[in-house]
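Encoded as structure tokens, here's the structure I'll be asking about.
Each chain gets a letter, A, B, C and D, in the order it is written, and its residues are counted from 1.
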Amino acid sequence: MSEALVASQAPGTDSSVPGASGARQFWRRLRAQRAALVAAGVVALLVLIALAAPLLTAIEGQDPTTYHPSLVDSARGGVPVGPLGGIGGDHWLGVEPQTGRDLFARLVYGARVSLGVALAATLVQVLIGIVVGVAAGLGNRWVDQLLSRATDVIVAMPLMIMSLALLAIVPSSFPRPVLVALIIGLVAWGSIAKIVRAHTLTLKELDYVAAARLSGWGAWRVARRELLPALAAPVITYAALLVPTNITVEAALSFLGVGVKPPTPSWGQMLTAADIWYQAAPQYLLLPAGALFVTVLALTVLGDGVRTALDPRAASRLRIGTGRRREAKA
Amino acid sequence: MSALKGLSGSLAGFPGFALRRLVGAVVTLFAISVIIYLVFYVAPGDVAQITCGPRCSPAQVHQVAEQLRLDDPLYVRYWHFLQGVFVGQDYSTGTSVQHCGAPCLGVSYQSGQQVTQLIWAKLPVTFSLVLGAMVLWLILGVGTGVLSAWRRGRFTERALTAVTLAGTATPVFVIGLVLMIVVCGQLQLLPFPQYVPFTEDPEQWAWNLLLPWLSLALIESAKYARLTRSSMLETLAEDHVRTFRAYGVGERSIIGRHALRGAVAPVIALSANDFGSAIGGAVLSETLFGLPGLGRELVHAVTVVDLPVVVGMVLVTGFFVVLANAVADVLFAVADRRVVLS
Amino acid sequence: MSPAEADDGVLRAVGDGVLPAARNGVLPAARNGVLRAVGDDVPGAVGDGRGAGGDGLAETGDGSGPAAPGGGSLVEVTDLSVAFGDLRAVDGLSFRLERGAALGLVGESGSGKSTVASALLALHRGTGARVGGAVRVAGVDVQAASDDELRRLRGGKAAMVFQDPLSSLDPYHAVGDQIAEVYRVHTRASRRAARARAVEVLDRVGIPDAARRARSRPHEFSGGMRQRTLIAMALACRPDLLIADEPTTALDVTVQAQILDLLHTLREETGMGLLLVTHDVGVAAESVDEILVMRHGRAVEHGPVGTVLGAPRDTYTRELLGAVPRVDAPRVAEGDVGDETVLEAVGLRREFGTGKRRFAAVDDVSLTVRRGETLGVVGESGSGKTTLGRMLVGLLEPTAGTVRHEGREQTGVSPSVQMVFQDPVSSLNPRRSVGESIADPLRARGERDEGRIEGRVRELLERVGLDPDHYDRYPHEFSGGQRQRVGIARALAAEPRAIVCDEPVSALDVTTQAQVVALLGELQRELGLALVFVAHDLAVVRQVSDRVAVMRRGRIVEYGPVDEVYESPRDPYTEQLLAAVPALDPEVAARRRAARGEPATA
Amino acid sequence: MRHPSVIARRVAAASVSLVVAAGAAACGPKDNDASSAGADSKPQKGGTLTVLNANPQEDFDPARLYTSGGGNVPSLVFRTLTTRNRENGAAGAQVVPDLATDTGRPSKNATVWTYTLKKGLKYEDGTPITSADIKYGIERSFAAELSGGAPYLRDWLIGGADYQGPYKDKKGLDSIETPDDLTIVFHLNKPEGEFPYLATQTQFTPVPKAKDTGTKYEEHPVSSGPYKVVKNENDGERLVLERNTHWSASTDAERKAYPDKIDVRSGLDSSVINQRLSASQGADAAAVTTDTNLGPAELAKVSGDKALAARVGTGHFGYTNYLAFNPKVKPFDNPKVRQAISYAVDRTSVINAAGGSSLAEPATTYLPDQKSFGYTPYDHFPAGKSGNPAKAKELLKEAGYKNGLSITLTHSNSKDFETSPEIATALQDALKKAGITVKLQGLEDNDYSDKIHSAKTEPGLFLAHWGADWPSGGPFLAPIFDGRQIVKDGANFNTGFLDDKSVNAEIDAINKLTDLDQAAQRWGALDKKIGEQALTVPLFHPVYKRLYGKDVKNIVISDWTGVLDISQVAVK
């Protein structure tokens, strides 16, 4: 990401966003957006489904790994027997071609992996991004140069190579979903680091940060108490938009053969396996694609909502200003 | 005062900027090459065995390793690579000794071809794919963004938002495959994509690449639509728009002349960036559409542990990412002349 | 953000490439600062005089103004009220403005004066604001007018000049094109004719080499030139009425004087009416015939400028006028100045930028502050006064020279020298309670006893005139003046020997200003503090200082006891500054305008 | 079969398995519905044949190619001493003369083989082909720069193990004699009755020494066959072949060479290849593929469409997918455990995972079920269609694992539907019923190849496959079960570490036979005998089903390669 892009994509923040009551204001602003509320509901539902996957499949009476060879037509490449891909009382959403595994079970268990990987990857990105960005922003010229170069290297490294690097270093017994989350996290922290750095550079010039330094606090304490809380808004905003991106990256990694491995179901891996079945067993493709779509849509709308709620300027964007208020109210 | 006239104002710092970026790029690329050497050092896969073939005897494998200098210590091999880059290197085809002139990125273990030649062969494919797609996604994305900024709060905007988000949410290998099956297979509107060099037949070149362009554009344009829309809305909230409203300038003119202009700089910056990352990330679409570009070659080279090719390809794609970032900053400064390059 | 702050923070922002972020408002401070930094690259632009031209106007003057059809007043506002949600910004306001007359709307922040200006052009239409009453401007019933009629009114019959000249111009288009665009909206003139008109009016407002500069973009202009450009835009369609909303607030005092002079001349020549909205009584006194003082959305006093300023009837008006610091009034209370030197700067120099862009923001500055003494540092934007202040407290490392605290060389921050910042909004962490902020120096000193800390903080709150029970409140729950008191309490918590006040009152309304200044004086006497008072406002500096240093382009041009410097300045720059300060007495103002005008036209 | 990832696809070709590399083979369908397709009209010369492939012809140097019977596309350009019979079905599994007048004359107990070239053979430039060129071609294949071919020349020729190729060793290989321009004599270090099969491989292609450009030779190899290379772009991704006017049909009974031009486009996604072949539009109407099977999803579609189904060529290539044990690793040192697992496997679900019963047939023998391999049916540990968990549990109890057993199954992470996670998961599911808990260990492909072919790191239980270098039991059994082929410090294929004197002796005995039918029978019997040791669990033999364009005629699919032979195809 170039500096220019960091700048133009950096979400706005306002140093005047009140803090403690910030949470309250945030909820108030968020509640004011109907689309964001609906999206939040959908996301909550998805998380619930993912958490309750064992319960849901138990109700259905299936599990995501058992093969049902009798439910697929072996002579015809393993296409599910019966109408609509074998949808029925036993298999609510039909079965998977070739194996006859229950699609509903795989879909809800897949939600666990997809959401889990995306969230974990976002966490990794955010953590690295904050550490690197803050260090570069606060450090001296050399620290900044070093970290900025490191960021450039990461940004310029292809996903494949980074995946390979990690696959090479990490033993194969390491849980794969965690590894995938790590790969995504370690590949794509560049932009958030740049954004954090830009914010840090601006924030550290703020009077209240200077005031804290004058109080006699050390640099670390100043960073922790004064800078980090102020970074929360831009970071949360950016992170909210990273989650849906990470879900699609997980799918892309599966496509390249370095994603989550069978038998663990994930949406990306289902999509990869299902795309050729588009004609013979369309529901096999449509289910994970639909799930992915709904999730990404909901997360993006929610992300936009969070941004609006955190950035008061967005809320007043369409009002005509009568000049920036120079005088504070006495 | 006159020194600030026009472009020279925003580009006043250009020489220094270019120099700093160049140094930065060299350092970055250097670091990338070191990392790749290290990664391949620890990665599984016996290069000599893979290059020699599965049924080679240990003695043959040893000969191959010797010929490819795989038994040298890592730093010696890396030094050899650096020598190639700066002064070139000689290599044997068996029957004769060839010279690979600087900047020489080495010779493929697998095919014995010079990596630079391989790159030159693949680059036009990736470029064609990315450039064409970029033009399309800019048109689609910016158009959608303008429309939704104009019709903000109305049904049109919501519908457009949903459509563009649908694009973001779908991986290219799904959109691409489904489009191919429907458009090329069932409707037979477009040919199944294959690469025809532009120099050979420009019309066929475009016709064949149209589908890949469309698939990529559908996915990428969403981002541009969102960026254009939010930049425009932001500009609409700015003081100078208020000025023009206060002077009786109509809404159409404000949208078209002032608000859209405000979106140009970030859109240009984003597209330059995306161009860079698309060059590096074209592997998905190249694989799917069977286009013999850099990304696919890189993945192949990784699987057969063809180190010189991997290093060469990553350096080239990395170079484009770094270059694109610098270009993005320059374009940003040109588009938004208040910005100073540093 | 005052012009003064721009000098260092901003340039760093540019250097680090955060700059574009400013566009999207990563932080408001950066946003302003950066843009300013770019614009201020124009050397000498601040000082350039206005062009002599006046010929262009001879013809234009005829066609406009008085010739407009219809009799009656130019502006008739009857029982106007504007409400945003629950807030009644303007409440039952009525006034008239005759053709060719000039009315000043004066008030502190929140008085509703700018809202009135917007209401004249119905700029609230479609924003959800509720507007009541009747507004007629140049014969148009603004409330009832159709969108088309309104568009013809805006810019055509009544033109507006905004406060911030940079953000009020489209950064992407040449200034000439912007003026031409407005002209064409109203006249259907050809592109070429519109451009010619743009050059003509630019020339008229004193842009030198107007034909060439018309192709420049706003950021290539200095602040004064931008404001002239906005005025040119307003002139383009020969309006009957010019509405100027705080037209000089963002400008340095010398530039402010030029702009006010320009407005005056234009009004004389074209005969257009002027509605001037300002918080600065002095600015109004310089420019208008009548004054309307507003408070809480209502008119508190309305009359000829001389009467209102000379013999105010309303208590609020009196209070307001009383609070305005006078540049000609000697310091009221003399402090008890000791002999010991608390803070000393020797040969301070600070450079910014690298390579060709390297320049010295502060250059070889030496000064001393004694116990109980107030040193005023005064200068315009870019003079380096803020950089100097930051070096004195150790927030910035000097490139050369030393800072001494009580004779000992000091690098980095020290509790014994504290700072009070300009912006009461950004100087307190919005996420922490004010009590926490004030307690910072105590905790940093190693105090662990929560009870003692709270006790001390309460004491400090009480000392600066705040309710000790507000310990747990957050900054946004306080007004600007109160926040500034919190900032002072925080500085005091460190038990400093000296406090550097960086524009401590420039963001405050005058009445609040007076209170904060008084508080600082009290504290100084009580604690024997040494104060460095950095400000752009010459009047305030005179009011508080024992000695004063006048800065220009990083150097001290004049340094001495305050009365000496103000009464018999030795440096011509000091003289120029003093001459530019608006006078409260309209007659004095007119005299000084004449005096200022002479050298420029000569 | 579908290989969605390039990685998987490429590695499948590059890794151990075999032959499938480099546009391998062709062979005939059992139930020959395909030959009827072109029967209505006589094939004519002319037209352009398009080949749509997934894998580029990266190696186009006869020294580097690893083919079974000379490959498909390469065989259009390279002629060899002998070649495969271009006939449908089992007849196609025979070896026939090509450049030579016969399939070779053995002497001295099959340790010396003599060939005589036909008269009037020419290269594409009109110069005559000599026996010295064939010798030179073989010698080059020993050069480290041009490695990649099969190991037999190195193992069989006297002095082969130490020879480093003509670039380093100008003297040449003494065990190949060329007494005159038409005669070439090979001296082997042991009897090898199957030498004629070996002489079908591209290393037996003549290479004129003067035209040799080392590693660059593959850019434009000199043709001895009916077509010459006129374009070779992007490392074999696009090949255009046109007629070699110096080739004479009268010297070549095998290649029909109907089309005037062959246009090979590769690097395509497998699903795209099948889409294009089924759409069969424009140039694709005259298109075939030599490396891409119908995938299960496409099969489901094709089977419902009669017109499309008529354009599918079905064939069998000698190939077996199996579970391999390392008896040095506990608990697989216990034959009862190996047998229990043999009983427990569910071949139906494995076959489903591999693409269904149309794309894979259950295997209980290690040798492919074709006559030329000497197929001798056996099923020592009958698991039925879907496993016999009861019997498996019983055996486990006997072996001392009353409460079940926990084991690790190693597989590759690539999506080749052979050693891939899908197959491993099917096995995991089946073994669960027998009380065996299977932990899957998926390795990246290079890692997988390294590990399973190293005597030091070989896992206890893993998925593997083996294919035929030529249609005989020799190259199928010897590398895997000959105790003298155990390699301690390199790529080892005897993964069961079987070193049984009687097995070794029988292998030597069969190698002496020059009657290939008789040899086949003995290989079959040996396979059955080795099978008793339960060192492998044969799972399935793949079936090749390939679409071809609607204008493609004269489909010949031999049992040697299992795919249509493009030297026979006509498009007019």
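Structure notes:
As a convention for this text, a contact is a pair of C-beta atoms (placed from the backbone, for glycine too) under 8 Å apart; a residue touches a chain by one contact, two chains touch by 3 or more.
Source: prediction; values computed, not measured.
Once CA atoms are averaged chain by chain and compared with the all-protein CA average, the nearest chain turns out to be B. Across A-C and B-C, it is A-C that has more C-beta pairs touching. Measuring from the averaged C-alpha position of subunit A to that of subunit C gives a distance of 45 Å.
Averaged C-alpha coordinates put the centre of subunit B at 48 Å from the centre of subunit C.
Rounded to whole angstrom, the centroid-to-centroid distance between subunit A and subunit B, based on C-alpha atoms, equals 23 Å.
Note on chain placement: the centre of subunit C and the centre of subunit D lie 85 Å apart, centres being C-alpha means.
Listed for subunit C are residues 16-17, 19-20, 23-24, 123, 162, 164, 167, each touching two or more other chains. Counting partner chains per residue, subunit D shows two or more touched chains at residues 5, 7, 271, 443-444, 447.
Annotation for subunit A: residues touching 2 or more other chains are 3-4, 7-8, 167-168, 255-256, 272, 275-276, 278-279, 313, 318-320, 323-324.
Note for the complex: subunit B touches subunit C at residues 1, 4-6, 9, 13, 16, 234, 238-250, 253, 257-258, 261-262, 264-265, 269, 329, 332, 336-340, 342. Residues 2, 4-5, 7-8, 271, 294-301, 303-304, 346, 348-349, 351-353, 355-359, 386, 413-415, 421-422, 425-426, 428-430, 440-444, 447 of subunit D touch subunit A in their complex.
Within the complex formed with subunit A, the residues of subunit B that make contact are 24, 27-29, 31-32, 35-36, 39, 42-44, 152, 162, 165-166, 168-174, 177-178, 181, 227, 231, 233-234, 236-237, 239, 242, 245, 265-266, 269-270, 272-273, 277, 280-281, 283-284, 295, 298-299, 302, 310, 314, 317-319, 321-322, 324-326, 328-329, 331-333, 339.
Residues of subunit D that touch subunit B in their complex: 5-7, 10-11, 14-18, 56, 58, 64, 66, 140, 143-151, 154, 161-162, 164-165, 167, 212-216, 218, 233-235, 237-238, 265, 267-269, 271-272, 275-276, 278-279, 281-282, 284, 443-447, 449-450, 453, 479, 487, 489-491, 493. Within the complex formed with subunit A, the subunit C residues making contact are 9, 12-13, 16-30, 108-110, 114-115, 117-118, 123-124, 127-128, 162-164, 167, 245-246, 249, 279, 390, 393-395, 413, 415, 418-419, 421-433, 437, 440-441, 444-445, 474-476, 479-481, 483, 487, 490-491, 493-494, 507-509, 511-512.
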